[in-house]
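In order of appearance the chains are A, B, C and D, and numbering begins at 1 in each one.
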Amino acid sequence: MSTGIANTAARPTRPPSRTGSRGAGTRIPLIVTAVLLVAMFTVGSLRYDGFFSTQVVLNLLIDNAFLLVVAVGATFVILTGGIDLSVGSVVALSTMITASLVQHQGWSLGAAVPLVLAIGAAGGALMGWIIHTFEIQPFIVTLAGMFLARGLCYTISTESITIDDPTTVGIAQARLYGPGGLFVSVSVIIALVVLLIAFVVLHHTRFGRGVYALGGNETSARLMGLPVGSTKVAVYAISGLCSALGGVLMTFYMLSGYALHAMGMELDAIAATVIGGTLLTGGSGFVLGTALGVLVLGTIQTVINFQGTLSSWWTRIVIGGLLLVFIVLQRLMTGRRASTD
Amino acid sequence: MTTPSTPAGPAGAAGADPGERRPVLEATGIRKQFPGVLALDRVGLRLYPGEVHALMGENGAGKSTLIKVLTGVQPADDGTLVVDGRPRTFADPLQAQQAGISTVYQEVNLCPNISVAENILIGREPRRFGLVHWSALKRRAAELLTELDLDLDVSSPLGSHSLAVQQLVAIVRAVDLSAKVLVLDEPTSSLDREEVAQLFTLVRRLRDRGVAILFVTHFLDQVFELCDRVTILRNGRLEGEYPIGELTPVTLVQRMIGGELATLDELSEKAQEEAAERVAGEPFLTARQLGRAGSVEPYDLDIHAGEVIGLAGLLGSGRTEAARLLFGADTADSGRVTVEGRTAALRTPRHAIAHKIAFCSENRKAEGVFGELTIRENVILALQAARGWTRPLSRAKQDELTRRWIEALDIRPADPEAQLRNLSGGNQQKVLLARWLLTEPRLLILDEPTRGIDVGAKAEIQKLVARLAADGTAVLFVSAELEEVLRLSHRVAVLRDHRMVATLVNDDGVTPDRILATIATGADS
Amino acid sequence: MTNRPAVTARGPMTRRLAGHRLLWPSLVLIALLLGNLAFTHDFFAVRIRDGHLYGSLVDILQYGAPLTLVALGMTMVIATRGIDLSVGSTVAIAGALACEHIATSSDPGGATTVLTAVAVALGVAVVLGLCNGLLVARLGVQPIVATLILMVAGRGVAQLITDGQIITVNSDKYHMIGGGHLLTFPFAVLLAAVLVALTALVTRRSALGLLIESVGGNPAAGRLTGIRAAGLLTLVYVFSALCAAVAGLMISSNVNAADGNNAGLWIELDAILAVVIGGTALTGGRFSLGGTVLGAMIIQTLSTTVYTLGVPPETTLVFKAFVVIAVCLVQSPVFRAKMPRRRKAAAPRSDTTADAAGRQQEARA
Amino acid sequence: ACSTEAPDSGKAGKGGSDGKITLGFAQVGAESGWRTANTKSVQDAAKKAGITLKFSDAQQKQENQIKAIRTFIQQKVDVIAFSPVVESGWDTVLKEAKDAGIPVILTDRAVDSKDTSLYKTFLGSDFVKEGRSAGEWLAKEYADEEGPVNIVELQGTTGSAPANDRRAGFAEIVEKDDKFKVVASQTGDFTRAKGKEVMQAFLKSHKDIDVLYAHNDDMALGAIQAIEEAGKKPGEDIKIISIDGIKDAFVAMTEGKINVVVECNPLLGDQLMDLTKKVADGQSVPPRVETEEGVFTQDQAAEALPTRQY
């Protein structure tokens, strides 16, 4: 079988250009999204008085801290090719449990929050376990989870529960001031920390790489000897945990627990993730993209609020329109055409 | 041989001196029933440390199933497995790996979305402070790749590499595990002789270290070159276990198929005789300066009706990519194609299909099969797509066509309604061939059409190609197996480094060595 | 060649297995209906009142009709690996357009008015479907975001049409679509049945169904096989929008009013659920129209059950959650295999995992 | 640097120089005809009163409303008004408004803040009272009759404030008398379609329904169709009580299909503009201004119908 030809001579050298562009290719959508976000912000600043200020950017973070945390959790699940529809309801349930424990049962916040986080993580893990063990589509299992969590909210109370516990109020209203009177809330810090942790976990731990592998091809991941089952359970647990934490942040934001909080937030979270460049089929995407996605949604909202002349229906149409423009530009600028023709 | 279900019979005792040594892996009485198919019927297998053991059998004989059952991918219905003297059952591949059995499964089972380095080392990445140590990871992966003499950008995503490269990466991954048993299920199916040689060096090294290697292949010469003993399966049953010295290629094939195999030699003679006459006349298709930046440099090619053109080259030389341009699977960014004298824009596969060009991709798993659909549906799909959805083939017609091709290619199971993903690898390949043959193309582009196909069927397919050419179909034939290319082709186009360096008329003077020399020097000497 | 007999024995068996696919959804539906019977003894009673059928079962069919239609369109979209979130908005837009047209016309009761109203609604639905199709098939936007755009904006459009009001119409002809009767049968049920039957006929008698399943099953292979994926994708999104529009007409005509904000709210979730319960996987490929119909009926029966049992609204969702999960578990072959009685059948497990993941793999290639 | 400049320039552009008042109004959404009428009333009144209106629609989400209020603060409007989605959870953002020196007016629904200095006044209706009025009408209507009176209730969206309050107010009265029995109570999501669907199921599972209490007119209108299709006469076989008072309900009342409607008036635009001007001027305003609302029975319906604006 030996050919008598020197390996090095015959070995094809690949054109280097190809390698270079492919490596960067995965990051292009992220850059494009960021550029478009800046562009959108610039247009807003030109159009509206008071838009061009650092505090507006910070408000974007203050107002979307909980969504960011929830979307980060959703990103883990989506990266494995799954989906978690329960996040919005779990957020609501967490606000409800926190509020009722603190307000009605007289628990301290320090005791209530860990319990809520544990419940969220356990609920997520349970869903992940069902999905994995019985091979049921994640859509249905998490839809049932969505029903269950929302239903449990109602069984706790159909009324909203106001929190006036001083610690909670204190944390909620605490403002961390920076130079120039700029401020952020505690939630913003928490959300950014979560984002950072998620980034490190996804890109620098075995578990995180397993998440990508699982999303790339589940059968292969199994055959490669990766712990597919526990990874799956873990991503849903993380999603549950993030939702619960998002719920806690929302409790701070609203200082109340309410069964109708976070209605439809699962769609916002999924949309933010997908706008941020993560593929719904799994295996490809960045958690930083998700953060950009959240900011895109938030900026659209801010633009609408600054406009201030839109009727209810025009509000919706314009949100849809801005989203459309954004998505289409994003598509055209990343330059990838559909694989179909 | 007469008592196939007891591997400890006379054949085993006469092995390549397993002697008193204890088998590192011993399976007995393995049974595996799929709905409607008894894939394994009381099969046994013994592997001794330091041997290379071939597992042979026709397509669908049960080789892959046996491997999956042994490594915990699928549970067995019955049977025992003893590893290192301890009875074991593996619930998943991870447990098998932990017990020292490392496996390369048939088809590439890696994750295309993550980098080459990670595919090699995922699950056991080097870590620092609990975090993945990226630079060490890349360094280690690159080191491992050099063992197979591969020089890749290890941080590029695996999916951007050709199937052959992916197959090598899968092997590298498996070898790295400090395994006692290494199982290779058709690892050489898309490799060139160059890579095969490298793989064999590696395998021998491992064998000398005392690793037991189970090797599945359809290449007889590889078996005789490398293996010490052979276990043969036939139709899910154990045919027997033999030291390689007891067998000749002919007897091996006889045991596999339970009959005689017609020889192929007359084919090549014929091809060579006809070479000159086929090239005469107007070409069916001409390509002028057809190329694509970063993939193939512009090339010229004429293909005549009734002519078989082989593409030869080394791994990654651009054969696949050259062929894809002619089908519009990748869009060319330079050059011009004419079909029957008229300019044709082959921008998408549909354009090409409209010109009666067919293309059978080398990557059957990703670009070929529709696993959920039945054999019948897979077979008629290209024809149906060409007709459009409003003109469905009648069911009777579908059944008739499917049955015809099931018979012609001996596809098993012969049930048109069987789901494709349940077919063995070789049988899936046959279904793909049937799909395109059915469309009666004027130009048939076959990229590694005999990948994973057993000896018998390979001969059938080669004959079929020759017959098609005789009937006026032009064929572009890409194969890693040079002998096969030479046997069939009237002319051979040679690629090197993504460039077409020569087109040789396949007369008496063309030998594998001459082609290899052409590749090495970049020109026909 | 010794195992050939076993292979040939497979023919009739596969056919029986195909029948099995709908077995579990059917059993679930029957169980739910029987559960109702236990609480309301004349639950199955169907009488003739005012010359048409009257009874709980009839209600389930009638209210299930719009959901069935939406789910019908959704099935085709999901078979191509897509998802259509915009159906709820399309429902609202269609109802709003038709009612607006009738309410502002000089002859609200006239047949031509109603016919043009229907035509306008369906025409606009085609445009909406084309928009979705364009984004997905031509621009390659992920279906969930592509249709999210219309989901958000569409409801605004519906409200723009109705000016945020609920438009009441008084037109017996229009009421026919969703609330009328034909030969004692609810017209909506007949309409839905005809549309389902037509869809089944067209997809299965022509090659459409096969091509859709191929595109959904392995897009990369589909491209190389010469399937016109873009055309098919556009087609299914248009079809989905059309189905949603008909459902929208039914819903608005049933209550003689168009409600831009609430009509079809969250119907996309119910529809997807119906499709999934019916056995079509969200990963695309094989689809089952029969399963979808059963799924829609299960969901509608579940709602009716909630009313019949008098489950308080606060616990309704908890109840639904448990039923949904029970339905899924019963349908899951793995779960059934793991039930103590049938231990050894645990085999399919790894196969099914492999399948699902295998499909995902193909998607990416 | 930009952040310190922006507020000043904003201030200069707004209320300060041209003397026009800017009102930021954060609406709940457009979930019903009632709400749309409410929005329209506010918009029209603002135009009439020469007030610049910054309108924001929260799509029924509290978080959106909070965001909108933050934006108003950022834009330095003169007065903020909003209809809270729900009573609770406003303290933080209201405090920010207070810190920014922007007065707040609540419309339509109160908030439950302990700190009443966070807002200047409340303008709107009392949902509990509406429920009570409905119950009182029923008690009076059946004062002389023997029991039992079987009531079915169509609730609004589960958990929403009007649904909770209207239910509670009604129950408060009805529970005083044993003859009243609420035999079934389900949510109809405030919509006609759901109202009809649920009523149809009620009619099948309960044979002897005397009274229907619907939390809004739309559900009642849907239920009427179901009752008619079941061959019964709405308003006679089954008495119907409803809340809101939209035009269609009055039409139904004149046809004898609804017995009584408790009004919940959305037209508080003019009152709101008055309050806005006063608050912007720094005048003192009463802490609670209730809108004028009535209870309409069938005999009053015909006469009131022409004056209904929505």
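Going forward, contacts are C-beta pairs under 8 Å (C-beta built on N, C-alpha and C of every residue); 3 or more make two chains touch, one makes a residue touch a chain.
Worth saying up front: this structure is predicted, and the values here are computed from it rather than measured.
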| message | Starting at chain A, how many touching-chain steps does it take at least to reach chain D? | response | 1
| remark: Per the C-alpha means, the centres of chain A and chain C lie apart by a whole-Å value of 29
| task | Return the distance between the CA-based centres of chain B and chain C, expressed in whole Å. | result | 43
| From the C-alpha centre of chain C to that of chain D, how far is it in Å? | 35
| chain B and chain D: spacing of chain centres that average the CA atoms, whole Å | 71
| chain B, residues touching no fewer than two other chains | 73, 112-113, 348, 350
| Two or more partner chains touched - positions in chain D | 29-30, 36, 39, 158
| message | Quick check on chain C: which residues sit in contact with 2+ other chains? | response | 159, 164, 220, 223, 228, 313-314, 316, 349, 354, 358, 361, 364
| request: Determine which chains touch and list them pairwise. | output: A-B, A-C, A-D, B-C, C-D
| message | Show me the residue ranges of chain C that touch chain B in the complex, using the header's touch definition. | response | 1-4, 6-11, 13-14, 17, 205-208, 210-211, 213-214, 217-218, 220-228, 232, 285-286, 344, 346-347, 349-351, 354-355, 358-359, 361-362, 364-365
| task | Spell out the residues on chain B that touch chain C in their complex, using ranges where they run on. | result | 35-38, 41, 73-75, 77, 112-113, 159, 235-237, 258, 327, 329, 348-350, 353, 359, 361, 363, 365-373, 377, 381-382, 384-393, 412-415, 417-418, 421, 435
| request: In the complex, go through chain A and note every residue touching chain C. | output: 81, 85, 130, 133-137, 139-141, 143-148, 150-152, 154-155, 158, 216-222, 267, 270-271, 274-275, 279-283, 311-321, 323-324, 327-328, 331-332, 336-341
| field | Sites on chain A touched by chain B in the complex | value | 1-7, 9-15, 17-19, 21-23, 26, 200, 203-206, 209-210, 212-213, 215-217, 219-227, 283-284, 341
| field | Complex interface listing, chain C residues touching chain D | value | 39-40, 43, 49-50, 54-56, 59, 63, 159, 163-166, 168, 179, 251, 254-257, 259, 261-263, 303-304, 306-308, 310, 312-314, 316
